[in-house]
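Pasting the structures in now, so scroll down.
You will see subunit A twice below: alongside subunit B first, and alongside subunit C after that.
== the complex of A and B ==
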């Protein structure tokens, strides 16, 4: 429960830039992340990441180091504490391949120059990311900023272009690896492999492959800024979203074919047949009266998810009505045909448990 | 050996003062709690506490032009939902120098300045307690219960167990810090017992802790000597019966198995109690005892640290076959038996009220320890319990 849900200013509810950035850079396994601020900011995020990693059956624990500012540093400045911390991280094993330094809202407010401390000629790359909490952005701002910052570890693109680079997977989502598997399955129709997951479960050396893919696939259109930056730097074209919904999946195959000069007609036909077979397994839902409530007043409506709802309601002959059985709206939109199938299982469960009499 | 002050810390494992203050205040069921800060600060306590919370969800403009109007707007919205309203300031609003007392004009509003940089959970909890201005009513009968915190997985169980014991001894329950109506904090009974001395309220005459059977016995003896109407004999009788059952179960375990080698992590009082209980009844070998918070006075054998890398070192070096702590420690040595003592406790369903304090608390702790150790032996296949 919270107060004042105000759709007129949704940025109030969109979280912390620091969390967004950490969702990216903690996936560079051989890097260390320094969070310049009070210990509580680091703890909050470590707690979230730890819970997410356990939920995704991942044992790897990210290394987050807090400069642990107290009242004294808030009054007199925390740059010395940051400098000491960077030096200690260099010295303490295991030696990191790179150090990301993330600021917080309180150090932004007191005016610490984090970037200047990072620029003091360290042995290891020390990369500042301006993540001043809610000052200057939201979760997504931090996420984008971290992708751009991690991209500076890649060399300018050269050599033969092979495979596909995935940009900005949502590392905090529960089905992140299932979504990845679906993209891999679809790319296999076109004999394309994944060159790099930028950034998921990788290391600093692997980031050098960032500019070597045949094309990039952004996780969602909100990452266009990153796609365009990588296009300028490495000349890599991009598709602006993972495949979403049924028609979106077929469109994705056609776009991938277009970017690589492949004939996609067989792939699309095969996938269409697969989708029809999948939908047939849910034919028992035809005629069910349903409704899709907004997930939360704090979340902005997802236009792509809305299109998928309309597409599926038509394909399955669902009757959308105010007094229908409430179904969970997709958030985010389901990836590929497999994502749609998992969504439909959840819908059928909800229809069976909540509304037998509606049949 | 506490963490050196103002030294960096890897993966700190304990929440900040703001979270502690919110956890304290949200325990009062007629108090609406507003986190005055950004959504990022709000989401953490909101995700941990099973209580409704409100937030001002500040944006950058409000930091530049002032947060008072936004705070007033949110107070107006929540004022009708509960009898009282509390506002907890987070880091940035705390240093803006705004006179938020002006917002409180003509309102029953509690302002708690508990920015994260103030310190740890306990610092915030105590700052909130101080802001409540608890007071003793010398004529009020009963005994207060303190040490209750919504973040504690034993919160509900400890309240129920303390109430049960006081009732069994013929006493009445005074104010519970922090649970129930806020107004009760201003008319507390003259005597207090604690379920977690790290969160002691300092209200009334301290009559002792309920952590451990000896402590329960001593506390009720002290209550009987100072407080009218308390008869310690039913509690003493129950302790004797409980101890017999514990000794029988532990003796049976030790006939077949080696005592566990234990690493204990938690708030200072909880960790010390768990270690002492296992030494006493299971002849356990203590690999290490680590406190999340700074003990009120240095305690032998207890290291204070919230640094996950240090904790990982201790677990690796100590090679415990039983870990008592949180899910963080459990992930370091998943092959060890595990018993939860401190949050977070992940991957387990915890629906029913579990006490750590009182007689049932000790029985539950030993249940969990013996079952976890026997499960470990069974899964290893080398030895099986009778």
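== the complex of A and C ==
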């Protein structure tokens, strides 16, 4: 299925499938990732991941290995090179607990059977991910493919269901840990804890818990395909998005309560009061003339972002007008009440800066 | 230097025709280089008296391409014809088309592409860009389609004509269709049928090679007809072909038939 839902972040609907997949599987800290293709595919992605992670104050070096194909392997086939590489990675200390094998455009073009090489009775699990962007894939396709592939490390049929599993956190986004903290805060109202971050800063053994949560929370609706697949495999129900915006946050609480048979009235009341208090701190923005430009004229309007803009304009008494101060649109959509607060800080800075300039 | 390429459906007799053509051209005192562009690497076998020369890609695979010389890849055969086989990957893996491109690049680097006439003998159909390599700028200026009167063979020839049309649109392309060679299967009205096809794609029947038992006899003796039976009528046929091709200056950009036209042509040919 090639799912191209309304884009909430344009960079995810372009780019390379490899980058999307690596954004997931490099978070399995004791695993190694083999990229079956020319060295450049690995170098480029390594640089990109490294730079992005550094920008997010993370210094973890992803363990990427290239099969370094040259023209001869393209002509005569690259399967032997892949087999040698897998064997070599097995021996290279520290021994990886799992090996992910990602294919590139060129090996799919010449018909290398990557999955067959991975299936040759290796000591550690060797998991193929078909990440050749020319087949129509983009960053998001690789991201989804990697989640589904990593999901094969889950244990089948577990009796006990406890905690909540987060599916597909955006490991490359700046706010990833703040967003996680917000979800943890909201779940605490209902005495729910996070069972597994699938996949963020984890290891191979932890992935076996994938099917044991009471329910899954997808990072965004674009991951519904993954939510549905996990529901089929493990019978785990899911909420299709992290909480977005103010009303969205309250909806999220009610939904989580419904899935676990909890009464959420107190929680919702408490969170509403917290939101009122948070908004009161931005009362100084009332009456400001603002406008929201689209991130790109090529993108469709994002429904969730539109709802956030509308509810905040109403709550803060902002005047949306053509000649208003341009405000950064809510991309990515703010997660929870805390996400809204950070967004409002950015808006306030823009209003103050531009407001001063125009007077 | 004249560079010509023979294309046609697999099994239609391209290699037999190419080898005898090269032998006949060499007989008239020309320096000939024949390059087999097919992973089956049997284009030059009759010229080499049945021995299989190491292919360019085998050499690259085994020794790398750094230290290869012209003498490693070019082998002298019957009547002084210099023979090269591109070769290819094992069946079922890798990319044979890219192999052809790598072969050409190596031959270029070794300055091995010389002589009075270069004959490229290319696999069945232009299945991908790699097998169109001999038609590209700087290589064959004339393509000859080898076909019998069988419809499948004519379909394949029509497909190759499409490739020529496409490539001839490129700015610096000088690849043209030289003509159609009928390698007969002894079908009734075969010569007329192939001539009519050639006309419809804006070309002409340049040679008709009748079916003759001596071709098979020469083959089991691992020789070209020109060597095995130099005085035979069939040897004379190949000499006329060589003469025709050496003198030919009439080339064209083909107008391949579309599917409906092919169907109509097939129907007419059955009714004839």
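Some notes on this structure:
Just so it is clear, the second predicted complex is superposed on the first by the 335 of 359 C-alpha atoms of A that agree within 3 Å, B and C clash if a C-alpha of one lies under 4 Å from a C-alpha of the other, contacts with A are read in each partner's own complex, and residues count from 1 in each chain.
Just so it is clear, contacts are C-beta pairs under 8 Å (C-beta built on N, C-alpha and C of every residue); 3 or more make two chains touch, one makes a residue touch a chain.
Since this is a predicted model, take the numbers as computed values, not measurements.
Applying the stated contact rule after C-alpha superposition, one finds that A:134 touches subunit B and leaves subunit C untouched.
Taking subunit A as the reference chain, the count of touched residues is higher for B when subunit B and subunit C are set side by side.
After overlaying the two complexes on the shared chain, residue contacts for A:51 are found with subunit B alone; subunit C is out of touch. Once the two complexes are overlaid on the shared chain, A:153 sits clear of subunit B and of subunit C alike.
Of the two partner chains, subunit B is the only one touched by A:65; subunit C is not. When the two complexes are overlaid on their common chain A, residue A:111 makes contact with subunit C while staying clear of subunit B. Contacts of A:76 after superposition on the shared chain: subunit C is touched, whereas subunit B is not. Shared-chain residue A:40: touches subunit B; no touch with subunit C.
Looking at subunit A, you'll find residues 71-74, 109-110 touch subunit B in one structure and subunit C in the other.
For subunit A in complex with subunit B, the residues that touch the partner chain are 1-4, 9, 11-16, 18-19, 34, 37-44, 46-48, 50-51, 54, 59, 61-74, 81, 84-85, 88-89, 104-106, 109-110, 133-136, 138.
Of all residues in subunit A, those touching subunit C in their complex are 71-79, 109-112. The part of subunit B that touches subunit A in the complex is made up of residues 5-19, 34, 38-44, 46-47, 52-60, 63, 73-74, 77-78, 91-92, 95, 115-120, 306, 308-309, 327-328, 331, 334, 344, 346-347.
Those residues of subunit C lying in contact with subunit A across their complex are 57, 60-61, 88-90, 93-96, 98-99, 102.
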